Amino acid sequence: MDFTFTDDQLAFRDSVGSMLENEVTTASIRERWTGDSGENGDMLNMLNEMGMNSLLVPESCGGLGMDLVDFVLLADACGKAALPESIVEDAVVAGGLLSDLLASGQHTDQVQELLGGVAAGDIRVGCAHIINPYSNFAHRKDWMLLANGNDVHLVPKSDLKFTALKSVDPSRRLQKVDWAPSRKTRVAEGEVGAGLQRATLNRGALAAAAQLLGLAQAMVQQAVDYSATREQFGKAIGTNQAVKHLMADCAVQIEFAKPVVYRAAYTVGVAPQRADWAVSHAKTAAGSAAELSARNATQVHGAMGYTWECDLHIWVKRAWALAKEWGDAGFHKNRIHEWLLQPNALLGPEFTFGKRYIDHSDSAAA
Amino acid sequence: MDLLYTPSQTQFREEVRAWLAAHVPAKKLASFDTAEGFEQHRQWEKTLAAGNWGMVTWPKEYGGRACDLIEWLIFEEEYYRAGAPLRVNQNGIFLLGPTLMEYGTEAQKERFISAMASGEEIWAQAWSEPNAGSDMAAIRCRADRDGDDYVINGQKIWSTRAVFADYAFGLFRTDPESSRHHGLSFILVPLDSPGVTVRPIEQLNGLPGFAEIFFDDVRVSDFNLLGGENQGWQIAMSTAGFERGLMLRSPARFQQASRRLVELYRKRRNDILDLSIEDSVVRCYMDAEAYALSTYQTASRLVAGGHIGAESSCNKIFWSELDIRIHETALSLLGARAEIEPETAEDHAELGTWLDGFLFSQSGPIYAGTNEIQRNIIAERMLGMPRK
Amino acid sequence: MDFTFTDDQLAFRDSVGSMLENEVTTASIRERWTGDSGENGDMLNMLNEMGMNSLLVPESCGGLGMDLVDFVLLADACGKAALPESIVEDAVVAGGLLSDLLASGQHTDQVQELLGGVAAGDIRVGCAHIINPYSNFAHRKDWMLLANGNDVHLVPKSDLKFTALKSVDPSRRLQKVDWAPSRKTRVAEGEVGAGLQRATLNRGALAAAAQLLGLAQAMVQQAVDYSATREQFGKAIGTNQAVKHLMADCAVQIEFAKPVVYRAAYTVGVAPQRADWAVSHAKTAAGSAAELSARNATQVHGAMGYTWECDLHIWVKRAWALAKEWGDAGFHKNRIHEWLLQPNALLGPEFTFGKRYIDHSDSAAA
Amino acid sequence: MDLLYTPSQTQFREEVRAWLAAHVPAKKLASFDTAEGFEQHRQWEKTLAAGNWGMVTWPKEYGGRACDLIEWLIFEEEYYRAGAPLRVNQNGIFLLGPTLMEYGTEAQKERFISAMASGEEIWAQAWSEPNAGSDMAAIRCRADRDGDDYVINGQKIWSTRAVFADYAFGLFRTDPESSRHHGLSFILVPLDSPGVTVRPIEQLNGLPGFAEIFFDDVRVSDFNLLGGENQGWQIAMSTAGFERGLMLRSPARFQQASRRLVELYRKRRNDILDLSIEDSVVRCYMDAEAYALSTYQTASRLVAGGHIGAESSCNKIFWSELDIRIHETALSLLGARAEIEPETAEDHAELGTWLDGFLFSQSGPIYAGTNEIQRNIIAERMLGMPRK
């Protein structure tokens, strides 16, 4: 029983985190808003050089073969930086689905080649899941993984038609993707396809949850900093108990969302049949912490927090969007509710960890 | 207690409804935070004024109808029911107008009120300064007396409507030796005066809903001083009282929003899974209704010759939190599509203006005195808790 | 349109309120706890002398023939005083049902005689409704109005068997009432009986709501007073912003529950077919304000608020009980929810007041 | 990260489970806030101690098993699973015991720890005074040095267990010239000393869960001084740190409560109408689970040699609010019957101990530092916000 990260994991997080802190300035984010692609090419290269593309790719395909416990802190760091590029989703969701396809022996050659290209940073693969009406940065991908009923398809960009939609968050570039499924593009079907889609949803929700954690912490930090300098009635507003408590309430939610997100990352890798509830809990807790932090940080900023020029809304709007992407609170709380209603659901401390946690799948496949 | 409308109130409602049905623009106006939309809204104010509907509670001599507060509430109900445009003239008709009537000289009233009522001159607020937001008494912007003029230097911020407005009103420090709420004067400033620079400030939605105003040796005639020199604080407090009080946010606005929310809920409820959504919808409906009941209760008391009490400080907290909750609930019903700016979406009709309204609702707990300040006021003035 | 109380109504409230303030001391309440009956005989006499028993009784039966708008402020005053005696329920619920029976011409002679006795203070009549599992002070009544299916029965004490239950609130004397319905005791049946029971539920919930309003205000007042004298860190705890805001939050809920309760009182009398929603709103709003006030007043009192000797819990426990009696929040919110779901429900400002409010009964009888 | 238990941890769990199954009293003990129940609970402490299960994290020489925190959590999980009695010895085993081990002389350890571990001597807390509750540094109760003794005069309040306990520990002012947190000493006082008067204080449920202690020239040997004279504050802070930290409220307690809540919900859900109840149940389950996860995370870090950080201040707020919510939700499921003291009701089984637990939960946000104080600590120490 060891619920800690290794020193290596923490060091990796720190190095990615400080790269992002230095390079993802709010000025550079605002530049992306006016750019055509919405992306920054240098940033994509730097992320690739740091291994973000290859981290989850199996070693057999030239990747680092690490797992989501290794990645979850990096996703948190990307959230903290409000990184616009969709590296987290690409690595976790598209990369995860490709790895699953490889592991289940579907279209091995094509998938292996793609994963190799992804690890090298040469090929970009995205993934759209039916739970999301639109797909972020789909137009920048060489291939898209798409669902049609239970089937999963792998479709080259040339066969896709994109319609751009404007998000409340100008860093996001949502696309409606039109395409025609064909036998040629199909890479999984039936039960296998359904299972892959379910695992994909869980990985997507986990990736969102981890970023939401980072977003929440960044918003609280900005509000705390602001409250220390902004004066009203002859003293910093941060000396007011009401302001302190707005921030403390966020801190409590964030602290208790963290271990939930970490366990979800562990579960997705080690006990995928348990992942529905671990992930749904994570997404709900992180989403709620981020939404509260968005609200309270805005309140602490006063009128300033309501302006376009104050950087806070970069994080606030991302939090609003990610809280609903990959299943909103309703969807995820409902998954837990359905489970709690099952008479054979094994609840309580002896099923929170350990073999009984990991092995039992009382109703997972239902 | 009699909750029936009188025949004349019912007739008034019918008259308002008929006039609005005939005059409300069929096409939604552009936002008044754009140059084009501002002029469209100014035209609408002129239309209202031409029918004597600009501000029904004003005396007839100023283009009003001498209505009481119950009639005003009826007017507002019909106004929101008709989906009529937002009031670009709000600063004038709700804040400055009543203040002018109470404190202005005859000459000032003659000069300003008709032009305001007719929409000829649209007014901006100029209260806050960079370090005088919630703490309004920290104002530093100076108006130095020079003969029959004041010479203004300094800066204002968060001036609503100031980007396109014609005039601004606000407090300026006329006694340079004074501090806090002493030595301030209430002055009306033409925004086309030499030395005035207006820097638009974009809101969360990217539109310039307010502005900074920089004053660089701006010369204003002392004709534009409202009330006595250095008496500005008292006058402003009466203005702020209006703002925080009954008329800042009409209950009809929230009742209409909660009605639309119920409609969205009926339509979407089978598609969504949120276990708490039913409860949120019921609460929003109840609270919008409660806000209306409370307003009618206060209005009844005022009409009967009573006074508005400290309990009115509760209003701002209640409606601003309600407004956020209505829109959060609607966005929950829209799920992942809630983030889409509707003009780019195919299903525009269902997305409606919920995202817009949600963004706007974020400002509710902040402006016109943050809700934290309001809670202090309730605790200290209404409940009598100790200050220090 | 006049949403105010008359000077007479306010003066009556003031005189009852100041009598209660003087006579219902917390010491006298604690005396009732150890007494056999749980009641104070002098108090019953004083309430009778002030007209509380006769106020709602029709003039034809020797009463004052007033209505619930006249009574609602008195109920609020009884809540404020945490009056243990069940005068509010007796007058509003039992008295209301008797008056309804009279008005609908059921058993006129017997009912008229009872109402005369009630108005004179000679006879005590109680009422148990199926929504409440137990009936407060039933053992002290000469007659009980009881339901059996749709039927309503009027049963003398001699035919009733009582089993006492202990409430968390020692001022309450709950009784399980066992009895055998007979044709002799039946005073209404079928549709008429069902209608009477529905009206009874609404009057009971309104009576509880009005008392909850009074309870809430009393708890806030006690906490405010305590916070002005109790010192920590060298100053009164009431100077802390967090303490102020706990109280301000209660004040907001109370202020916005008041007009809702008043409209419900008006509606029950003037537009009973609309009363379901007006009353459910009132019970929900007042219950929620009282529960929040109980919580926050306890918090402001610190450890003192957790003791038996501090008087606060007299109000707190009453609030807990009344918030669930006559339909808990779930029941009442559900009534509103059912209504909101009806496509023909007329919502919005033009139906909040006036003839369109009072006349329309879109789905009331459903 | 490895969330599997080691074979020895699994074996430990089995051992605990087996022992508890064999020893936990079949009949629920009376409340330890009654004289009868107190002695029953003392007997249970003796039973625990006889099996070396009194405090598994203590060194073996003091009757413990030198377990690490993960094993302690396993013990607690099994303890709550077995429905074993509440720990009347809590002040001793969680608060004073560790402090004695850190600051006590060998002679003091020998004198006090075994008697504590065995349940021979049950301890009360004596921190607060009438005007030193949240503000503990305002302590005025004096202990004046007189030869080898201290002579204590003054008053303590909110002393848990003090009505029936044998000893109390607390802070006393040994330097009469001192103020605030200077000049205080940590002293152990036999409650049967001449001059001690214990006045029980009844709680919301009518039982004397705490007491006032009056000291009237109470003479205590300086053998009972823990740590240096006037060094009491530092020692107490470490004790308070334990209290507020990891071990005050075991997560298993809330996980069991939320499991029972889910069972009640499954049984009652078709009978109740509350639209928000599903959401409340799900939240309670999630939060109880989150509290367990957080505790395991901290325990893992401590076992690996890390330190407990300022984020632990979040614990108290989280579990106390969770405890209230679990019980409020259960009472909502019980509806109007929730107010009934179950011993008088026919359907005792369903009512269970929810009302009791609800009453107890009310104290959560108050004791061991109010949640307002905790939020200040989080803001200032964890987030670094300015004090003044």
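Each chain carries a letter (A, B, C and D) given by its place in the written order, and its residues are counted from 1.
Here is the rule we use: a residue touches a chain if its C-beta (ideal position, glycine included) is under 8 Å from a C-beta of that chain, and two chains touch if they have at least 3 such contacts.
The structure presented is a predicted model; accordingly, all values stated were derived computationally and were not measured.
Undergrad: Greatest Cα-centroid separation from chain C: which chain?
TA: So the farthest one, by centre of C-alpha atoms, is A.
Undergrad: Comparing the two chain pairs, does A-B have more C-beta contacts than A-D, or is it the other way round?
TA: A-D
Undergrad: State, to the nearest whole Å, the distance from the C-alpha centre of chain C to the C-alpha centre of chain D.
TA: Using C-alpha averages as centres, the distance is 40 Å.
Undergrad: Nearest whole angstrom, what separates the Cα centre of chain B from the Cα centre of chain D?
TA: Taking the average C-alpha coordinate of chain B and of chain D, the gap between them is 53 Å.
Undergrad: Using the touch definition from the top, which residues of chain C touch two or more other chains?
TA: 240-243, 245, 333, 337
Undergrad: Can you list every residue of chain D that touches 2 or more other chains, as numbers and ranges?
TA: 275-276, 278-279, 282, 372, 375
Undergrad: So in the complex, which bits of chain C are touching chain D?
TA: Touching chain D: residues 131-134, 164-169, 172, 174, 231-234, 240, 242-243, 295, 298-299, 302-303, 305-309, 313, 317, 320-321, 324-325, 328-331, 333-334, 337 of chain C.
Undergrad: Help me check something: in the complex, which residues belonging to chain C touch chain A?
TA: So the residues of chain C touching chain A come out as 240-242, 245.
Undergrad: Help me check something: in the complex, which residues belonging to chain B touch chain C?
TA: 1-6, 9-10, 13, 70, 77, 80-81, 251-252, 255-256, 258-259, 262, 265-266, 278-279, 281-283, 285-287, 289-294, 296-297, 299-301, 304, 306, 311, 314, 317-318, 372, 374-376, 378-380, 382-388
Undergrad: Inside the complex, what are the residues of chain D that reach chain B?
TA: It comes out as residues 275-276, 278-279, 282.
Undergrad: Give every residue of chain B touching chain A within the complex, in rising order.
TA: 128, 131, 133-135, 138, 157-158, 201-204, 206, 210, 272-277, 324, 331-332, 335-341, 343-345, 355, 359, 362-363, 365-367, 370-372, 375
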